[in-house]
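Order of writing sets the chain letters: A, B and C. Residues in each chain are counted from 1.
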Amino acid sequence: MRRPAAAHVGVPRWLYLPALLGAGVVLLPLVALLLRTPWADFWGLVTSEASRDALGLSLRTATASTVVCVLLGTPMAVVLARTDFRGQGLLRALVLLPLVLPPVVGGIALLYTFGRRGLLGRTFEVLGVQVAFSTTAVVLAQVFVALPFLVVSLEGALRSAGQRYEVVAASLGARPTTVLRRVTLPLVLPGLVSGAVLAFARSLGEFGATLTFAGSLQGVTRTLPLEIYLRRETDADAAVALSLVLVAVAVLVVGLTRQAGRAR
Amino acid sequence: MTLELAARVPARDVEVELEVGAGETVALLGPNGAGKSTVLSVAAGLVVPDAGRVVLDGRVLTDAAPGARRRVQVPPHDRRTALLAQDASLFPHLDALDNVAFGPRSAGAGRRTARDAARRWLAAVGAEDLAHRRPRQLSGGQAQRVALARALAAEPALLLLDEPMAALDVGVTPALRQVLRRVLADRTVLLVTHDVLDAVLLADRVVVLDAGRVVEQGATGDVLARPRSDFAARVAGLNLVRGAWRDGALHSPDGLRIEGMAHGPALRDGDASVAVFEPQAVSVFLAEPGGSPRNALSVVVTELEPRGGQVRIRAGALAADVTPRAVADLDLAPGRRVVLAVKAHEVAVYGT
Amino acid sequence: MRAPLVAAVVLVAAGCGAAGDGGTGGDGTELTVFAAASLAGPFEQVAETFEAEHEGVRVRLSLAGSSDLVAQVEAGAPADVLATADEETMQRLVDADLADGDPVPFAANRLQLAVPPGNPAGVRSLADLARPGLALVLCAPEVPCGAASARLAGAAGVTLSPVSEERSVTDVLAKVTSGEADAGLVYATDVLAAGDAVEGIALADEGVAPNVYPVVPVAGADEPGLAADFVALLTGPTGQRALADAGFLPARGGR
């Protein structure tokens, strides 16, 4: 919907200085990256087998972890937004902890949970499931860091949508499952989509937890950020070129979401 | 289908007991904060009373006797009570047709069957041409019609209406009221309103609530004619003259002829109707005034009643508010014959 | 209202700058030494001795991966001395004309097998590493320890298929100490430094030369004299004793 040009109250002039500085802090490094990009070899660098494997793995794992985040995060957000129980505030704070936790700490925690000597590792080993050094471990690490983004975003959407429509739906004879499926979720779909995009972007950029927990092997666990980290050792140009690819994917994802948000 | 409701909700200082007979529409009248909406919420299962029972058609929906071993609280979706609020609350992601089809779908009907039913209900409220509009493309009155169709399509055993016209422009209320009159007939309905006209036109009985207690109840006509509670007395101050429509005017059984602005569908000769106007709109004369297009009703004063700075002149069921000065000038007293004059455009006439 | 805020912004910016450029704070002279992470222990000892011998001089040690260190020097980091974990990486500094003279080999290091305490997988030799189902972790071929691992395996005619190729020895060691990996190839000095957390198993050298650690003063250093002194101390008896204590081998003429 087009809104008429609004007359603003105006912001204090001096505000532009720190605002500009802030923008510079974010944008200047991106400009520097562009300037350092080896355009002549760019295509060769980003299409090498290792690069393609890393990008492919990153996209696959980020997609998988986004799906897991939606499947687990949606119920979490609904429970947090629509129910009331003792300790709920504490639970919410704990669940959102990965937002502020250094990813390497997350990796260590995951190691002690799903690792061979971890809390669940034994059980998994008995069941014949090896999590360590597998692509599953990469997805687990990504889910760990990305899930809170989806939950926060969706819970906010649920709270601002309110329960008005759900009450009406129940009074029309809709069972709770029907209400969730046909009223609640469609209403918060924009919030769910933007939460999923955030989770995808966060998964794509996941590095610390993956490195600590999943290891690094081409095509199995070495995602694009890990590949960039490794390449820097021998081939700075390749690292820069791949960094640019990651930036481009991130920009694309964010841009598409904004576009989708505006079309709505 | 009968509703028996008894509820004590101390948190909102409500303690109410009432019944709605099968096929009966009961208007719940009362000032703001009297507890009307709380009663509806208890019926709908959205508020659990500290003590009380809700029985619909012999089925116990709520049983919350204090200290009872077995408390019953049927969840809202399983009570067969549909709620229509001030705000239409149409699901914004569904068009009007699918909004109306929501109830049948929830009851297990297939998409096609549910849509067929929805189309019928939209037609019943005169909104069939709105089927494919999104809620944001509907005006307030249109949305409320669709919401009504949606509530009806759920085929509730009890329809709960919470001031369904309070949020609408006055211009569209008469039309919606007509629709309600048509579809509420023979249904079991509990209607919350603060508009006495709703009670007159839609309800068989009224229950007056004040400060969370039932202060008065009875057949609509009885309560309005002989109000015992303050609130009923205040709202009953409206002049209501029932009669039959003939030659562009309402004729009452005791010989009054009243012209007014007809609301709703066109009235035909012989239609039962009611004329409504405020005491403030009535002037008092000793002889019939000439000239202006007024209704002139020749009556005998039965009572004078001071009301603030005004004096209310009663003549049988009719009332007029005049200044004390006019009372003195005209030498008004019970037994005196006067002419009550009211302009035709101050009178609203409804078919009943 | 405006003046204090601007002042605050400037102060914050200045603070950031000071922290970032690593300027020479304090009264005395500073010698900045960039060294490969595996050299941490012996270099701290050498630095202590150096400070004792040079009144008023403080040694700042910056420990990181060799490649990162070279990249930092190339980008203008104020290093006086650079010590790397292999000669290939050092060659990049030489190629960039940032070495003041020829790098001097001062220590060597051999690969060892690191296994979790108790050696649950029962690994004894390089050949055991090719066993299917064994969780082996190596350094990636792109980093010095990985290149060394590849040379060793090649010489022994063993094909290794690791479950993970890490970017640093530390990461390989972490996977072994946590028990995720059954075995890892790391330097003998790393096994020694890890103490009881891992068991080391010495390997036959298969005719492969050990990794050589070179050191060189950085061209354009603020303190060229002190830098030369530091290199001398490192290659002299004090430095060599500290390195030997940490498990390093003498350089003995490099490759």
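Basically, a contact is a pair of C-beta atoms (placed from the backbone, for glycine too) under 8 Å apart; a residue touches a chain by one contact, two chains touch by 3 or more.
What you see is a predicted model, and the numbers here were worked out from it, not measured in a lab.
Among the remaining chains, the Cα-based centre furthest from that of chain B is the centre of C. The innermost chain, defined by the distance from its C-alpha mean to the mean of all protein C-alpha atoms, is A. The mean-CA centres of chain A and chain B are about 54 angstrom from one another, to the nearest whole unit. Inter-chain centre distance (chain B to chain C, centres taken as mean C-alpha positions): 87 Å.
A straight line joining the Cα centres of chain A and chain C is 34 Å long.
Listing the residues of chain A that touch chain C in their complex gives 14, 17-18, 21, 111, 115-117, 132-133, 211-212, 214-218, 220-222, 229-236.
Partner chain A is touched in their complex by these residues of chain C: 2, 5-6, 9, 13, 65, 67-68, 71, 135, 137, 140, 142-143, 162-167, 171, 174-175, 178-181. By the touch criterion given at the top, residues 44, 46, 75-78, 80-83, 85, 87, 89, 91-93, 102-103, 105-107, 150-151, 154, 156, 160 of chain B touch chain A in their complex. Across the complex, chain A meets chain B through its residues 164-165, 167-176, 178-179, 182-183, 186-187, 189.
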